[in-house]
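Going by the order they are written in, the chains are A, B, C and D; count residues from 1 in each one.
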Amino acid sequence: MSIRIFVTGGTFDKEYNEITGELYFQDSHLPEMLKLGRNLVPVDIRTLMMIDSLEMTELDRELIADHCMNADEDKIIITHGTDTMAETARVLAKKTLNKTIVLTGAMIPYKFGSSDGLFNLGSAFAFVQTLSPGVYVAMNGRYFDATNVRKNKETGVFEELAD
Amino acid sequence: MSIRIFVTGGTFDKEYNEITGELYFQDSHLPEMLKLGRNLVPVDIRTLMMIDSLEMTELDRELIADHCMNADEDKIIITHGTDTMAETARVLAKKTLNKTIVLTGAMIPYKFGSSDGLFNLGSAFAFVQTLSPGVYVAMNGRYFDATNVRKNKETGVFEELAD
Amino acid sequence: MSIRIFVTGGTFDKEYNEITGELYFQDSHLPEMLKLGRNLVPVDIRTLMMIDSLEMTELDRELIADHCMNADEDKIIITHGTDTMAETARVLAKKTLNKTIVLTGAMIPYKFGSSDGLFNLGSAFAFVQTLSPGVYVAMNGRYFDATNVRKNKETGVFEELAD
Amino acid sequence: MSIRIFVTGGTFDKEYNEITGELYFQDSHLPEMLKLGRNLVPVDIRTLMMIDSLEMTELDRELIADHCMNADEDKIIITHGTDTMAETARVLAKKTLNKTIVLTGAMIPYKFGSSDGLFNLGSAFAFVQTLSPGVYVAMNGRYFDATNVRKNKETGVFEELAD
């Protein structure tokens, strides 16, 4: 069973530019993280974009959906900025692709020693192998159905939609 | 849904003693790791022992089994040295406890910057929430049924039993 | 022999705000860094400001100079953003205080695992104990006289003024 | 001004063998550490041995002394296990080589995230550039003359010889 991973950027992959003193995107840290985690599940990593999810457009989301639809694999992980992760999840859920798709990300860049990224990635790997077809968000050790999740902008925590 | 975590030691929790230059066990790093991973699943952590799994006796395994049986939770994670993780898993499987029990560990101590521990822990959290009752080993992004797993002593990798 | 340390901010102390996704200043990491380095030289740490050195005004520099003049110690380390470190050094040099003053900083925040901060801090501790009275910049394992140093904005490297 | 670095092993360079669960020596981390510290002082690194300093023999110390004597550089850093660092320093001091020789090491392996190695290395770089000819031990932000230093085996701290 092989897993397809689509990289879209997000905090996960932010780096520090030591000349300008600003955060930016360069290459994805996914391969390095999977090596660190000693992952042995076969994966195929594809970078679709490298952006802050606040800058993600509807066109970008359609592009992601197309790639999910056309992928040979029926187990897909998408690394994504947390700010609009729930929006992208909803767009994907409407496509009813009969695949298990798990979106995950991080609150702290991987290159910071104190990132939650490796924990989230480990959970995403397990969720994508065990959950039935559908679209999910995996953060904080939990998973949420795409139709029932939002990011609380004040606490930074993902939660179910209020009744 | 609350998860019970039993700590038994293993590479996960090895520390460097700077006076003697040797590795030893002090406190578990589980709470620190869960904080780093920003875990929000309710957990109850209990340290049962702090040993190298090569030194684990049958009595120790019975103790672990008793704690699994008596726990209120039906989702249990056990952190364990990798050398005899498969043996402990088999002992637990024979008890047919009707709980989901996931054993996990690390090849590199958490206190080393390059540990696989956080990735494994993230996967264990997800597996324990999604797999049906049974006993499993979660390592390298994969999970194995307790009755069909061994550690390859040469490569350090967990694999299914040879046919 | 006690060393006075004045903290002014700079890349050294930048942290990642996980709600806004921006870098910001909170507390100084100096105490944590000195503990990590197992420093045993007596120090007295005082935070004068917590700013990006691009925002440092002439008034700020006069404040720093006043504190250097009034300090009981004649060995002083100043942690400082790299962008205007040379300017502050020159202001201090003009005061001819008959003290050994060493400015240092980092190209990468300490909270990033890959910071040069600890190396620079170690060198600053040694330079301040061994150099004769004067004002110096310590970066990249080297030291420069305050009257003969600039930061190359393109390479991010400190160098002597061109002849 | 170029600095010669002789690597002899010690805690600095200990690694974790994930198959055996033991600490061992492989390659020196000096180049990686100097890159991290963004060191720009020209260096020439030579590995003389890769051993725990408790296993260092008088022959080993003579070998180190020979290399110090024959080196073109008159500024030399030696990375060394802390247990017998003071002994080696005394052997070198007796050779009266008219060079500045600084021995340094670490209490915690560099590959552990929490090592004091980078701080010590930064201080050694500064001390070797500024101290007059002689043999010194640089640890904990301090330096000691080779003829007046010992490691306190109980506290792990270097100190002057008791009067």
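The working rule: a residue touches a chain if its C-beta (ideal position, glycine included) is under 8 Å from a C-beta of that chain, and two chains touch if they have at least 3 such contacts.
None of these values were measured; they are calculated from a predicted model.
A.B. asks: Starting at chain A, figure out the least number of steps needed to reach chain D through touching chains.
C.D. replies: Graph distance in the chain contact network comes out at 2.
A.B. asks: Since chain A and chain B are copies that touch, just let me know if over half of their interface numbering is common to both, same, or not, different.
C.D. replies: same
A.B. asks: By mean C-alpha coordinates, which chain is most distant from chain D?
C.D. replies: A
A.B. asks: From the mean C-alpha coordinate of chain B to that of chain D, what's the distance rounded to whole Å?
C.D. replies: 39
A.B. asks: Could you state the distance in Å from the CA-based centre of chain C to that of chain D?
C.D. replies: 26
A.B. asks: Averaged over CA atoms, how far is the centre of chain B from the centre of chain C? Could you give it in whole Å?
C.D. replies: Here the centre of chain C sits 45 Å away from the centre of chain B.
A.B. asks: Mind pulling the chain B residues that touch 2 or more other chains?
C.D. replies: 107, 113-114
A.B. asks: For this structure, give each pair of chains that are touching.
C.D. replies: Once each pair is checked, the touching ones are A-B, A-C, B-D, C-D.
A.B. asks: Tell me, which parts of chain B touch chain A in their complex?
C.D. replies: 33-34, 36-41, 107, 113-116, 118-127, 129-131, 138-143, 157
A.B. asks: So in the complex, the part of chain C that touches chain A is made up of which residues?
C.D. replies: Interface residues on chain C, with respect to chain A: 11, 14, 16, 18-19, 21-23, 52, 83, 107-109, 111-114, 153-154, 156.
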